[in-house]
Every structure is written in structure tokens, then in C-alpha cells.
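Paired with chain B in one complex and with chain C in the other, chain A is shared by the two complexes that follow.
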Partner chain A sequence: MPTRQATPATAHTKRGLDGDRVLTAFCVGLPVLGLLLFFLYPMAIVFLRSITVADGTYGLGNYGEVLASKGFWRATWHSMAMGGGTTVLSVLLGFVIAHGLHRCAFRGKWLIRAAIVLPLLAPSLVQALGLIFLLGRNGLVNRFFGLEMDIYGFWGLLIANTLYALPQAVMIIGAALVLLDARTYEAAEIMGASPSRQFRDLTLPAVRLGLLNAAFVVFTITITDFGNAAVIGGDYSVLATEIYSQVVGQRNFNMGAVVGIMLLLPTVASYAIERQAMKRQKGQQGTNSQPFVPQFTPVRDLPMAAINFLIAVLIAAVIAIVVFASFVRLWPYNFELTTRHYNITLAGGYGSLWMTIVISLMAAAGGTLAVFLLGLGLRRVPSALAQPLQVLAAMPAAVPGMVLGLAYILTFNSTATPLYLLYGTAALIAIINFYHYHTQAFLTLQTGFRQLPPALEEAAGSLGAGLGKVAVNVVAPFIAPMLVSVFFFLFMRSMVTLSAVVFLTTPKLNVAAVTIMRLDDAGLTSQAAAFSTVVMAVVCAALIGMKAVLAVMGRGQTRPAKG
Partner chain B sequence: MYLTVRNVTKRYGPFTALDDVSISIEKGEFVCLLGPSGCGKTTLLRLIAGLTDIDEGEVLLEDQSLLGLPARKRGFGIVFQSYSLFPNMTVAANIGYGLKIRNVPSDQISARVRDLLEMVKLPQLADKLPGQLSGGQQQRIALARAIAVDPRALLLDEPLSALDAKVRAELRGEIRQLQRALGIPTLMVTHDQEEALELADKIICMNHGTVVQTGTPEELYNHPVTRFVADFMGRSNIIPTDRIRAVLPDLMAHRPDGPEDAYSACIRPEEITITAAPAGTQTVRSIGFLGNLRRIETDGPLGPVLVETHGQAKCNEGDAVTLEIPAQACTWVRNDPAGPVA
Partner chain C sequence: MKNHIFAVSASLLALAAASAAVAGEITVYTALEEEEIAAYAAAAQATMPDVELNILRLSTGKLGARILAEAGNPQADVIWGWAVTAMMDPQILDMLEPYAAKGSEVLGDAFRDADGRWFAPVGYMGAFCVNTARLEQKGLPMPKSWKDLEDPAFKGEILMPDPNSSGTGYLHVNAVLQTLGEEAGWAQLAAVDPNMAQYTSSGSKPCKSARTGEYTVGISLAFTAMQSIEEGYPLAMVFPEGGVGYELEASGLMSSSDNKDDAKAFLDWTMSEEAIDLYRQYKALITIPGVGASAAAEKAGLPADISTVLADVDFVKSAAGQNAIKATWKEKFGR
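Now for the complex of A and B:
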């Protein structure tokens, strides 16, 4: 038997194979090591800290204390009420918009699509800022109508959260609406079903899972969001602000950890249910389905267009007013236009903006490379190993940014391990941003990998290309659009995220979203607006850059139409 | 005339999908719309169904115009290539959906559904969801769903194209049986000439948005009027006039009058008798083995000529051969102005 392997040809193949094995191990090992070190380990630390009582021993004392405190129950109740209210409102409006976009025929849909994207381009506290300029004590509405409306608290936060979560709801419900084949509707039509009957018997059952899915996503976004709650929540404390005040206000890390773990429970549950729902939805997708093309029907389309544009205008107005206010000399007394608010000296001025751009570039480049290596490696390891790793890679989305941030400060601000060296560096903020959005980046790239025919890699392999060559010459070009999307997604999210990084910034190392919050805290609302405008401009530029790159790539790749 | 389409034109911007098309279907007749993709056959079916608007012309059902009548009030049944079962309803609910809309009592619906499931030989699937069925099963259910409401006509849009060869052949036979048994006037769109030959009472062959030839399968196969139809209905040898005049002058007898390049001779490969003979003018280029058939390619003064024989070939590659072509095996076809379409 050993004599057989002695021939030079086999020996050569074997060496090639080993090289590939090492490379595969590297591809999988490096990103997995990152996940262990920068996700699982900090999460374990936060859990341990939550059960570490005052004398340093383990016990459930902290939980007992938190559960006995009135403040916690009030914040929990507020979070649930806010999550529930925002979910109902966002899913309802999200369905109306998605139905308008995909199932109705009217002009100017691109305006609605554009408005829907806006909240994703801004830090989450911009909705709150806009609402304050619009409906606050010195807001346009109160001034104009001489009212004394108070926007701080439940209603203000509800509107801000809804405006922030709506785009996600629209996208998820829209994706569900698109799945249903036009031929199915035609079959129902020929069988005699009226339009309202088709809506009831076909559309509603088809989007049921989408609605459920959207509800869970919106609920999670809402109860974990910190920016809007910090700016417009007022006395209406929620779990996210409760963690912040425990940690930053009272330096009570263990209690913060307890509240963090409590916040983790509903988000993990809702994320798990959402993933199950998505799996079921995928099973329904048919092959060669025909997209639905709505015919203009005035009775249906005119009211739908009106509602759609109204919501779009609301979303856009809240952001537009922030931009406008940033140019106004003294809101709301002197509407003379000026750029003086852009002269920001407090909170480190524009230093944090440049720092945020550098951090975002690091997170985008490193993160894209990491998920690419992981996706590449996972195709080549046995499924018994690949499956648990995929679950691990999809886990970070279930962890609220506040909790991840808390976990990082507990892990990296401790001299117990050499990881302490990372504390206070831009690299650590880039790392937390990447792991905060790891799931979305990973899943986006996975959809790209799934479209890559295995035969393509096998063909290259049988021509003698090793894994390295296959990755660079075959795989990367094929999924290049996905890589570009992931890069810009990580960049844009890192530019605007607040919840995960709020604990990690130091006076010397600040990021844009935190600066905006500090400016607003200091009462410099117009400067906060100016800074927000600059951040939105950078993110907008990135979005346009992404579209341009994808358009150029798409032009190079157009294939001749079939048949 | 049961269903009539009269002088129908349909344009999409500058593209004319249908140009002054007229067709008709008799009661109980099975009609196939046959043609290459993009010839307008599916557009025609959708116009009849009411799923697409007509620019000019009219559609009549038993002398009543269907114009302005929405698809849901026309009382047709339809089956698409993509099955298009309602994904959220069970098989039984799918089949019974049309009856439910017509407010038929539920006990009658379930009885009817049971009968239909027997008819398509899938009684065990009543409670399954479409996603759990194979393509062939789904299409059988789609067929049962379409005939559940006793439609005034059955419209089939490439119903077999998404299925694999074996299932396709089975279902083809069942569609024919079912249609004969129920006597529903049926219009089927297909690009598969074999399917059309086996199923149809009448074939309407279309190209570039116009009807090229209408007739029984035998008429279209044996007497195509244009080179396009000859090419589309199976293999044929298309030989220009000058070569026929030079080699087989007997066949010129029934050539219609017209310019030299207006007509070509169409000769089916299986009509030719091939004999190895040293004096023969054609030479065997290759012999292909197709199981029950031998496909022999020859070349010579007639140009390339394809011959099909059953059983063992009586010649070898490189042999000189004579080709015997009976006069009735030669049909003169018009050369289409647009040229042959593959």
C-alpha cells in the first residue's frame, strides 16, 4: 500500500492538497478566532460579571437586587410598551408602503424609495433631533400655532423610533410581497377571484411570515436603540438608557451587566423566531417566477399614492429640518441663514469625524476580508463543522449594541489579559463595529456564495489551481458585487452607530455619533444638527459611491439575454 | 365557430407582437399554437384569457364579444408553465378555490375535488401543500384546478415545458385523454412540434406575430406551405429549384410557377430510399446510430441530403449511393421572405 503513494504524480497532488488544507484552516481559523475573542469571550465576561456580587464571589445577588428595584421594572415596562407600540405602527405603515411600492401603479416611486433609505444614512438620534426642531418646545409647530405641546417622552420617542424602524419593515415586507408569482394572481383572476378576494386569499397569507418577521426586527431595533431614547426620551427611561446610567452615571458595572443580560433575553428570543420564520419563507420561493406588474387602477392607486407620499414626506421632513436648522442663525427666533454652527469647537471639533472615517474604513476593509475568508473556508470544511460555525457567525445580530459595548469595556478595560493593549485604540472601535454588524455582512456574502456554482470552483481546481488561485481568480470576481455591498454596508453602519461605541470612546478618542450626542447634551442643538448633516453627507457620498461602483461592475458583466 | 379571434393586433411600443391574427376553435377541439419563442403565441393566449388588452380586433365566444369583459368573468380555465398553485393552500383547497368563489356549498366542493383528484390519479395528495409535490404532480393539480369549474375553454400555456422528458410524455397522454373525455375546447401554446403533433386536432403555426399555416398535424407535416413550417415540423431536406431540375427533373412537374428562388423542394428524410451503387452521384459522409434509426448524411449534386432508415444501414461511409425519391414525397414550399428560422 505505501508503494502506491511513492509515484511522483501522487506525491505532487498530495503536497498540493496539503497546501490547500493549510489555507482552508487559515480561512476558517482566523475569522473564527476573531469571533471567539471579540464576540463569545466578551459575552461570557458580561455574563460572569452579572453574577459577580460585591465581595467578588459568584451568586444571583445582582439579579435579586435589579429585580427588586422599581427603576428596572419601570424601564422594562417602558421598553416593552415602546417596542410594542413602535412595532404595531411600523408594521402597519411598512405594509402600506411596501404594498404601494410593489402592488400599486403610480409615478414617483423612486421618491418614496429614496425617502425610505434616509433614516439608514443617519445616526439614530437624528430622528429625535428632527422631531425636536419640528414639534419641540421651540419647534416649528408650537411656534406657528402657539401651542405648548411637549414632545419629550413616550410620544416623541414612539414617532422617532417608528421613523427609524420603518425602512427595515418596508424592506422585509416588500421582499415577502415580491416572492409571490404574477402567474398565481393570473390563475386566481381566471378562476373568478375579484381583486379584493385575491388580496385576502393570496397576498395576506403570503406576507404573513414577512409581517411577523418585520415585527420581530422592529421590536428588536426599538428596544435596543439608544440614540433616540437618549435625545427625546426625557424622563421616559428604557432599558438601553438604564444600562447607560448604571454604567456611566453610577459606575456600577455589575448592575449594568445584569440589565444587559435582561435586555439580551427578548432580543435573542425574537431573533431566533425571526430566523425560523425566514427559513420557512425561503421554502416557498418558486423557480422561474414572473414578477407582478400592477396595472393602474384609480380606486386603489390614488389613495395609496397619497398615503405613501405623505409618509415619505414625514420621514424626509424630519431629516430635512435637521439640515435646515443647522444653517439657521438662532432657532426659532432668527431664521437668517449662516454656516456658523459648522464651526464646531466643543467636544473635540471635527477630530472625531476624521477618526470615525478612519475607523469605518478599518472596520469595512477588515470585516469584508474576514467574512470573505470565512465564507470561502466554510465551503470546504465538513458540514458537521460548517453548520455550528454558521450559527456562530449569525449570532451577533441577536446582541444589542449596548450589551456588546458593555461586554467590551468589561473585557478590554481589564488588565487581566494582554487584550488590555487594545483598550482606547481606534482598532478596538473598528473591531466592535464589525462584530456588531457581523451577521448582516456574513449573510449578505453567503447569498453571494450560494449563487456561485460549485462546478466553477471544481473546474478551476481540476485545471490545477490551488485554493489561493481559485479564491482570487474565480470566487472573488464572481461575488465582487457582494463584497462591494458588504464593504460599504460596514462603512456606513460604522459611521452612524452609537449604541455599541458609546462606552468605548474616551476624551482622546471620540466618534461622530457620540459627539452629536454630547453637543445635544450641552444644549448646542444647532451644532449637533450641523455635525449630523456632515455625517449624513459622508454616508450619502459613500452610498452614491457604492451605487457607482456596482453600476460600473454591472455594465462589465452584462450577459446576453437568454433565448 | 365556438371561439373566434378576428383580426387581432397587439403592439408593445414599436414592437408588433401580433399582426392581424385570426384563428378559430370548434366545440370540443384541441388546438395547438405552435411556434418559436417570441412568435406571439403566448400573447395570443393571454389576449383570449383577458390577461392582456387588445389594440385592434375582437375575440368572440359563441358569437358574443369578450372585449371589455375582465378575465375573471370569462369562465376559462388556465394552466401555466410555472404551475402557479396557491402556495398557502392545500391541494384540495387549490382545486376547490374556483368553486368556493362561485359559492358552491362545501360538501359539493369536496365531492367534486375528490372526483377530480381521482381523475388526475392523485387522490392521496388532498391535504399536501404545493411545495411538497413534484413538478409533475403540481401540474396535474393545476390541471384539475383549471377544469374544476367546468370552464368554457381550457387555456394551456406551455404546460409541459418545465417537466422532465418522462413525466412530460406521461402527462401529454393524460391531457389528451382528459380533454377527449370531457370535450372541453382547448387551446395549448407550445414550441415543441412533437407535443403539437401528438395532441392537436388542429395546429396553428405562428412566426413573427402572424399565422403561417393552419391545419391538421398530418397536413402541416406532410404539406408545409413555407420553408419555416417545414423546418419547424421536424427534420427535412430543403433543396433549391436548380439542383432539383438538374438531378431529379421529374419532381419539377408540380412545382408552382414563380421565380427560381421563390420555392424549394421539401423532402422528409424518411421518405428517401437509399441504395449503394457505384454509379450513384451522392456520397455518404457519415452514418449516425440512433437506436431504431440510422441517420445518413450524404453530399453530392443535390447538396447535403439527410436520409433516415430503419434497421441496418445498407451502405458505408464513403460509398457512392443513389437516392430514390417518389414524386408524392416532394412538397414545394415557399421560401419565407425573412429566411429560415431555426
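Now for the complex of A and C:
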């Protein structure tokens, strides 16, 4: 976006200028204040811990010790290889799916849309169990075909990470594809450009930011993920397992903090590379955008539909098998159907479910608003300020959930500041859920904002509309599809994320993901699967309900963009 | 409207402040198993109706991370039933206040801190979880000892927790080292290393993987083994010859507690007759002298004198040597 940061502002009349300045300051200031308090400040405390050496003084001894260890370099190499592999696979498949959904014509897209969100609303235990039940050494595939395939290790971890990253890649790449102007394609058609030429010269350049953003997100969440590595990675040690081993295994938070801080480096580097790559490309200059309605083209659409449905079936199978297993007496030895695993009394029972919904709605609503304001404001501040803020906003995904959770304890369980009032509250859990997924929410909206023709804002501005009006009447409707997907994304993740919140729940405040973990810890894996199934059903019901509300609200309203 | 919001939030704040100050409420951090906690807490609550017991359960490792992260402003009044090897970490000991719970004086010296900061009336044991269906399918002999696991036929069929990530992993490694002696112990671990399919980060995972037939042998916990057998999995629990590793579950009073009277009353309860009766129901390993074989131990197929299957473990040595042992282990077997 640096190429055209200042353009909309210059078009404003003097009358609206001062009010707009205040509003811009508010748009940028509020979300940035949030990032400072709830991300940068806790991470600064983690940094301090990473340089706190054994005798309590500050120094770089911990870093020296980590850098000198063989295990660290092995884990670093593993993490980079895994991050790279997952990125290539997820972005490729993510593009295929997003392209299929937005640029191809075939029936049953809702099935693919439904399947692709499953990994987002599934508790991590479900994905791990599903893969093992399907592809494990004693899994269905091996038993059915009499194979001895071993999933544990690089390949299993690659599949698990891709499964988790794919929906997020589709969300971000989709944000670049959904708003591509149909007229450009009509013009290309008239000028005789072949479909492959249109793809190469129109689609690819337009989707480049989306692809880069998706690659960045996938790489980052892969190198910070512990859950998949622990269950399916086997002996393939990665940096996140190193942190776990230091912090949880050896009660040595300072050493874990060192690895946590070092995980920020590849992330910042890859984001810088991405920004650099985008500088060479200019934004789209269309003045008005017409939604693209693909025509059925058998050569393109039949293979695309086939691949899309294949991926959707694979994803759905992983989740479905766990749902099924929650209804059988003793997986994989007794397939008699039963609902006995749904009779859950331990670990707080179903009590945590409702509080989790409240927390998730808070995180989704507050989070969507915050990234919207930030995206809006960043278009109007000088790039010297916007660029560092963009890096900051894109960084949170680089922090493993466990590190963020412990950082929150260190930060907010201190009576030194009034922020202590938040400790032990549902609000703090909603806040950590949002900041844990800030990167994805922010980059999805940024990708969408990029499609917004500056001329649209300029026109509204020159007609005398202030920033507030432009935001509500022009920008929000235009990027509404992204706002909706960000809201749903934050809601789904908040319902099931575990790694950070496990450190913030209290005896009186429990969340569903922690109940699932406790049931599994107690050896009651089938009950954990049953509870997960209930959570997934509740999330699905909530999503359908919210979609219905949106449909009712949207009825009769047309996007001004269609003008 | 604004005034309303202010009034509501002011009263909420007042309420929060008031409830924090109310006597008769304690926060207890524990790593005991869920079903035990439910039974003990119900009984303790009935004995102490005026005290509200707020209990937080986390696994041993996560609880440690949380207690240390909260060290600047500890939230717990009591640590209840937590691995003594973790409890003896100097960072933790510094947070405890000596208190001799009523009844804890009967415990042997090995089962309570010389300075009175912790006492451990119960504990848990490690075990091999052997999937009998897979054992048969692979035509493998039932392993009876660590030595048996050296058999190349077990290659890729054994799981064990990584001692650097899991207290259960350390429990086993430490038991082998203390029963066989350092040199023979490391040699034993090296002999089984080629057969290990994975070193996991969770202590119960090897048993859970074995019970669903992913692997044949999971070096894990007796609790998970017993629970799995009860669920109906084709699983055998084996205590390796020469002694199995075990861990004490220690309790102590946080010196930061602002309700020490109730915290002490709760600790007293954990040594009461009522509590001991419940231990006999749930615990295979009870360190209180004169408490005979428990129902739980009998169910597990343990001999009347349980000490015959336990490794000879010195917990002070286990705790003191853990950093060095974990580092050596990582050097030798880290993957």
C-alpha cells in the first residue's frame, strides 16, 4: 500500500480536514494502543526474561547457551524445512480452492466452503485424532489396504500443518480474488486475450499480495505451532517443541523465552521480503468494481471442481471420523454405537461451553472492529508511520500461543499497573484470543483494502463526505465480505484455541478447549472427542445463525460499489 | 446512560474487591487426576462447608509453568498433589512456607521435607502399557523388563516420554539410573534407544498410543494403564522387573497466601482419616504407614507389599540431579 497511502487524504476539502484528522488519529490510535498494551508490552517482558541470566542480572548468556546447543540448530532446520514445505503446499492448494470458489463456475461450492472452515472450528485434538484414526499405523487406511504406512514424522506433520493452514490461506487469497473487477476481464475478452493470458496478466498480478500474505501467515503459524508437532511429528523436533521442553519440561521460562524471541526473526524477515516484493507492484487503478460472475468453461471448471471436491472430502473425512469415533463404544476395537461418551461429568462438564461462546463473540466483534479501524487509518497516515505499524500488526502470529499465554501472566498478574484488573477475567481471554490471531485478521482485511479503488474514496471525499461517512457508507460495504470472514474466523478460533488460554483460565472461569484437554489428560479420549463434537456443532449452529442474520440485514441493500 | 454504566462498573469493581477479600475462600492448584479431585473435593467441601474451594487442575508440567509465571503475585494458596521432583525445584521451594499438617508427622522422612515445606502421603507409578492384540499380531514376547525391550523384534514398536519434556519420562529414566547405577543405567537406556519409535512430549501419550494399537509398548503411567484396561482396551500393565519408577504427590502451603487458616485446614484434611479412606479407593501408592493394600492397588494386580515392585528411588537425589541427567539424556538420545 505504500504506493498510494496519501492519495485519498489529499482529495479532501479543507472543511472536513480537521475532523478527519482527529478521526484518523482515533482509527489508528485505538488499535495501535491495543497492540502496544496487549502484544508489544507482554513481548517486551518476555524479552527481558530472555536476557535474565541465572543470577538475576541481565546478559546475553541464555542466547549463547541456546545458540551453542546442537538441538536448537536441528530444530531450527526442521522448523524452516517444515515452514517452507507447508507454505508451498498450502498456498498452492489454497490458491486452487480460492480460484475455484471465486473464478470458476461449478455446482456445490457451498460444500467446499463448508469443508474448508472445518479445520478452523475443530479443536486441535480433533485434527490430530482424525489423522491418526485415518492414516495412523493402526488407522483405517492401513488396516483396509493391509499397509504399514507410518505417518509420524515429517510427512504426517506436513499434512497436519497444511490441514490447519489451508483455510487461512484460502481466506486471505480469497480476499484478493473476490473483488477483482469483472470489467477488466470483459475488456480483455473483447481484445481477444486468451483465458490463460487473462490468468497470467490479470489474475496473477492482482492476487500477488494475497499470495504473499498467505505465504507469510502459513509460514509463521507453521513454525510456531506446537500441537501438531507434539502429536504427529514423532521425533521431528521443531522450535516450538524446544520451547515446550524448556518451559514445561524443565521449568526454565527464560530459556524458552530466548527461543520465543528468536522465532520473531524469520517472521520479521519474511514480512520485510514480502513488503519489498510488493513495492515493485502498483495497486489496481480501477475506479469502480463490478463483481465477476464466472461462466461455465468445461476445460477449466471440470478439473478445478474435481480437485476442489477431492480436497474438501479429505478435510471432511479427518473431522468426520472423530465425530463417528465419539459415537462408538471403543475405537478401534468395538464399533457398537453408543452415546455414553456424551455423558460428561468430569473436568467441569458442559459448563464451560456458554462462557466460551460469550468470550468468542467478544473477541470476534472487538477484533473485527479493531482491524477495520486500523486498516482504514493506515491508508491515511504517512508511509513512514504506516510501515512500522504494519510490521507490528503482522507480528503476533510469530509468537507461539504458550509464550503469549505465559507473557500475559507475567504482564497482567502484576499489581504494578491497573491492567491487573483484567487478570482472571473473561475479557482478558477474549483479548488474548484476538491478539493471538491478529495477523490473520489484519492481513485478510489489508488484502481486501488493496482492492478498494482509491478513486471511490476520493470521489466520496470530494463530494464532502468526511472520513466517518466514507468509512461507513463506502469502505465498509465494499469490504463487507472480508469483515464477515474475519469475524467468523476470530469467532471459530476463539471457540477452540487452547495453547494461550490454558494459562489464563481460573477455577471459576473455564473454557471449552481446556475442558477438552482435561478430559484427554484424564485418559478419556472418547469423551474429549464427544465434547469436541458438541463444540463443533455449537459453532456450526452459531455460524448458520449469524449468516441468516446477515442475509436478513443485507436484504434490499446493494453495494454502493455497484453504483 | 453514562452514569448507569459508571455505577454498574463501579459496583462490579467493588464486588470483585470484596470477593477477593472474603475469608473462607482458597485457591488450590493440583495435578491429581480428575476423578480423584472430584471425590476428594466433595468430601473436603462437606467437612469445611464455610470454605469455598477453588480448584485448578493442570498437568504437572503446565502447572509448573503457571506457578512460576505467577511467582510475582501468586494466585494459589495451596499446591496439592504435585510431583515432588517438581516441588523440590528451588524456584518452587522458595515460594512455600513450612507447615506440618496435622497427621503428616506419621510420614517417613523420605515422604516429607526436612524443613516442613511439603509432605506426600500418596504417589503414582510408572508402568509399561502393552497392547496384547498388537503383541500377538506381531508375534512378540510379553516384555517383563527393560532388558526385554532390547530385543530387535521391538524395533519401532516402543514409545517413551522425553524426560526433558515430561516428568513421567524423567521418572522412568531416573528409576533405571538409580536401580542399575549410573553406568549400567545409561547402558540400558542406550540398548533400548534403537527400538524407540518416538520420544513423546506427553507422559500419558505412550499409553494412549499403545491402547489404540498404534504401537505395541508404551512406557507410561500405571494410572492411564488401569483406566484403559477398565475401558476395555486390549492392554496389559507391566511393572518392569528390577523396579518401576514412581513419583510422590506432594502438597504445601504458599507463603503468599492471604488465607492461611483455611489453607492449613485444607492441608490438615488431606491427612485426615476421611481422606486416607478415599486414597485407599483411588491410590495404588500410599506412603502412610499402616495403611494396608488399597482397593486400587489390588485392582491393579499389585502385591500386598507394594515396595517389592517399586524401584529404590531417593527423591532428594532425583530432584538434585535432574538438570544434569536431562542434559546428558539429551546429549545421548535427543532426536
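Operating definition for what follows: the second predicted complex is superposed on the first by the 318 of 563 C-alpha atoms of A that agree within 3 Å, B and C clash if a C-alpha of one lies under 4 Å from a C-alpha of the other, contacts with A are read in each partner's own complex, and residues count from 1 in each chain.
The definition used in the following text is that a residue touches a chain if its C-beta (ideal position, glycine included) is under 8 Å from a C-beta of that chain, and two chains touch if they have at least 3 such contacts.
Computed from a predicted model, the values in this text were never measured in an experiment.
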Which superposed partner A:107 touches (first chain B, second chain C, both, neither): neither
Touching partner for A:181 - first (chain B), second (chain C), both, neither: first
Chain B versus chain C as contact partner of A:197, first or second or both or neither: first
First (chain B), second (chain C), both or neither touched by A:189: first
Touched partner set for A:413, first chain B, second chain C, both or neither: second
Touched partner set for A:205, first chain B, second chain C, both or neither: first
Winner by number of chain A residues touched, once chain B and chain C are compared: C
Partner chain A, residues of chain B touching it in the complex: 37-38, 49-51, 70-78, 80-89, 97-98, 101-102, 131, 142, 145, 149, 155, 162
Residue ranges of chain C touching chain A (in the complex, touch as defined): 13, 16, 27-28, 33-35, 38, 54-59, 61-62, 64-66, 68-70, 72-73, 75, 86, 89, 91-92, 133-134, 156, 162-167, 197-202, 204-205, 207-208, 212-215, 223-224, 227-228, 231-234, 323, 326, 330, 334-335
Contact footprint of chain C on chain A as seen in their complex: 70-71, 132, 136-138, 150, 152, 230-231, 234-235, 237, 241, 244-245, 247-251, 253, 329-334, 345-347, 402, 406, 409-410, 413-415, 420-421, 424, 502-503, 505-508, 518-519, 521-523, 525
Of all residues in chain A, those that touch chain B in their complex: 180-181, 183-184, 186-194, 197, 201-202, 205-206, 283-284, 286-290, 563
